[in-house]
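Have a look at these structures, which come just after this line.
Below, chain A partners chain B and then partners chain C, in two separate complexes.
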Partner chain A sequence: MAYQALYILFALGALFGGVNVVARRNPVNSAIGLLFTFICIAALYILHGSPFLAMIQIIVYAGAILILVVFTVMLLALRDPGKGLAKFFTVPQKLFALFGAALLGGEMFYLAWHALAGVAAPGDADLATLSQPATLAQALFGKFLLPFEVASVLLLAAIVGAVALTRRPKGTAAMIDAPHPDEQGGPR
Partner chain B sequence: MIPVSLPLATGAVLFALGVFGVLVRRNAIVIFMCIELMLNAVNLTLVGLSSQLKSVDGPIFVMFVMAVAAAEAAVGLAIIIALYRRKQTVDVSHFNILKG
Partner chain C sequence: MSFWLALLIAMAKLLVLMALFLAATAYNTLYERRVVAPIQQRIGPNRAGPWGLLQPIADAVKLFFKEDIVTARSEKFLYLLAPIIAVSCALLYIVAVPFGPEIPGLQNAPSAWNKFSMLDLNVAVLYTFAVSSLAVYGVLLGGWAGNSKYSLLGGMRSGAQMISYEIAMGLSIMPAVMSAGSLSLHDIVAAQHDMWNVLRLPWGPVGFFIFMMAMLAEANRAPFDLVEAEQELVGGYHTEYSSMKFGAFFVAEYGNLITVSALIVTFYLGGWQGLPFINLGLPAWLSPWLGLVWFGLKTLILVAALIWIRWTFPRPRYDQLMGYGWKIFFPLALANLFVAGLLMYVGQRLGIGYFG
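What follows is the complex of A and B.
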């Protein structure tokens, strides 16, 4: 029972962080909400008996991906987001988006709460053994060896792609240093 | 023992939040963060179901999702930087050259 109360607490924390990601105006605040969600989900993994996954979650998501996002926000030095075409999304479009997302979420929530509640455990394997890194490693390097190798090729392709995308072509070296058009007091 | 409804319901609501964010936000970086939110919702669903079904496949899938998310982060943020270089903004409503 205490586990369930803790679980609900961390689940509500994850949802709180998610609301912050979507609703905050400043991207840095969104990033902090996302960090909160990642940490709460890591706690949920621990409650599910997968501390190894929780560590991976903290290292990969909170440690690598989020730092990359915050670094990009800092590099771009965004000024006054949403100026200019502020009316691109009108109120009816927002309502439509809310309706669609609520429909999708409600449908999945209903399925989760009712239809799948009776799913029983088929095996009698011990959960404590299943979540051991050794068990995970045996599956990863045995049954899932080919996907593992493909994932490494994917990561290599991502590295090459990122370098190729951000490499600036000749003659545009000073472009990123140009003052922002909206900046007050800059050279006109 | 945690009932399987709890992770599934949490994942469903988180996923819907991410979808809503992708639909209404215009800052490309925030859209990217909402995509990460959806990936995390799916991961939570996988872990919850695999702990219910006593299977090791769920955590393995979660690891692959994390690898793909890392690749996506590198390429996606590189695209965002390339976009910023072109128009000095990451507001996606400024990028509409494919609009008929």
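What follows is the complex of A and C.
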């Protein structure tokens, strides 16, 4: 009973955060909504008997990825975009988005309606063993070593690409250093 | 053990821990000022109570009764949220620290509950990382929500600094985790029974140094306090905060100082283990309490050392700070991890097995 209550609490919390991500006008508020969602999902992992996954979730998503998102949003000074995101989309796009949202919502509602009665505390000894750091490490560095290494090579390619994008050809000055045409010739 | 008994034990532990931690945080400010006074050839606070012992209380009362200004063009919700996140993370941070061995009288309780710490998590190392990465939000949001360029710059700096040093911090304690074979802080302390990690691990002093520097940077302590560099940024991320909202950031900072010292002690200075090779011949029932004393003593000395560092070394420039993090500490920590892994593997293969 306590398990179901906590599950529903954190699931609703995750949903609440997710709604905030799309509904808030201020991008920083959206990011905080996403943070809330991440924390609620970590709590759900703990409820399912996997504190390891919960900690990794917070370290990687909340601690690294979302921080970078918040950082970028703050650096770009995306404050008060006026009418919100709605003005960026055409009417057919909006209709399509509405259709997609209705479909997804319907599916989720159907699943929730049929599955919620069956949600029970895992309590499985198997699950608790499976999510131990040692078991995960043995799987990651034993059976699934090749996919794991391939994935990290993929990330390396992404890093190299990002560095290549920021490189300038020799002899050209940084874009920041070049004065804007309007700003040449002293104060107006 | 029934569910309610476990809950009762947890609540009692939490109450004692939080009361002691908040009191220690308050008196940490006095400790810092008394330690720093002789360094600067001053006397330090000595007016409120004997030896200035009531000074923290006077400071708290002053902060509570100051006018609470909310700047007009700030983002109200995030402006209120930032100090809450900062204090919450400081309080969550101390929870994982192991203060001593088993509590006498609780031997029959489950092994997660019967020790001098809130809970013996089997992922406690990752828990400390998680909390310290969440603590960035307090500073980052506080800097942004105030709508001032000084606090924004402070917040930005903190974000970049804390993310950069998190990598060196994580890598520098991995040898300790590897040699203990566990992510539980109690196991890491137990593995240091014969010798502290700083001398036991291959390149232990290097790992200790990197970890200490990374923790200083994580806690935004001087010489890495670019976040609130007074000469450049007025007050840094808390420029726009007044009264007890500023006090909340202050509590978080001094609380983090204690936790950071406690974690350094746990990972590299033997935790609650006493000095190796010294047997005082005390009765066995005393040893859990002696562990507490050792831990408190080591933490106090380390806090004093961190204060000493703060008031001795000048602050590096911002690009120098990032340079240290990425070009010196990060490769050094990687090399440290590689050497430790190699020596442990060779040691196991040859059957000497000293390191693991």
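Note that the second predicted complex is superposed on the first by the 130 of 188 C-alpha atoms of A that agree within 3 Å, B and C clash if a C-alpha of one lies under 4 Å from a C-alpha of the other, contacts with A are read in each partner's own complex, and residues count from 1 in each chain.
In this section, a residue touches a chain if its C-beta (ideal position, glycine included) is under 8 Å from a C-beta of that chain, and two chains touch if they have at least 3 such contacts.
Note that the structure is predicted; figures quoted are calculated from it, not measured.
By the touch criterion defined above, A:75 lies against chain B and chain C together after alignment on the C-alpha atoms of chain A.
Legend: residue contacts after superposition of the two complexes on their common chain; A:32 is shown touching chain C, with no touch to chain B.
Judged by the touch definition given at the top, the superposed model places A:3 against chain B, while chain C stays out of reach.
In the overlay built on the shared chain, the residue A:58 is in contact with chain C alone; chain B does not reach it.
Touched residues of chain A were counted for both chain B and chain C, and B has more of them.
By the touch criterion defined above, A:105 lies against chain B but remains apart from chain C after alignment on the C-alpha atoms of chain A. When both complexes are overlaid on chain A, the residue A:145 reaches neither chain B nor chain C. Annotation: chain A residues 52, 56, 64, 68, 75 touch chain B in one complex and chain C in the other.
By the touch criterion stated above, chain C contacts chain A in their complex at residues 75, 77-78, 81, 121-123, 126-127, 129-130, 133-134, 136-137, 140-141, 144, 152, 155-156, 159-160, 163, 166, 183. Taken together, the chain A residues at the contact with chain C in this complex read 26, 28-29, 32, 35, 51-52, 55-56, 58-59, 62-64, 67-68, 70-71, 74-75, 132-133.
Contacts from chain B toward chain A in the complex involve residues 1-21, 23-27, 29-30, 32-34, 36-37, 40, 43-44, 47-49, 51-57, 59-60, 62-64, 66-75, 77-82, 84-85, 88, 90-91, 93-94. Residue ranges on chain A touching chain B, taken from their complex, read 3-4, 7-8, 11, 14-15, 18-19, 21-22, 27, 30-31, 34, 37-38, 41, 44-45, 47-50, 52-53, 56-57, 60-61, 64-65, 68-69, 72-73, 75-76, 78, 81-82, 84-85, 88-89, 94, 97-98, 100-102, 104-106, 108-109, 111-113, 116-117, 119, 121-125, 127, 130-131, 135-136, 139-140, 144, 147, 151, 154-155, 157-159, 161-163, 165-166, 168, 172, 175-176, 178, 180-181.
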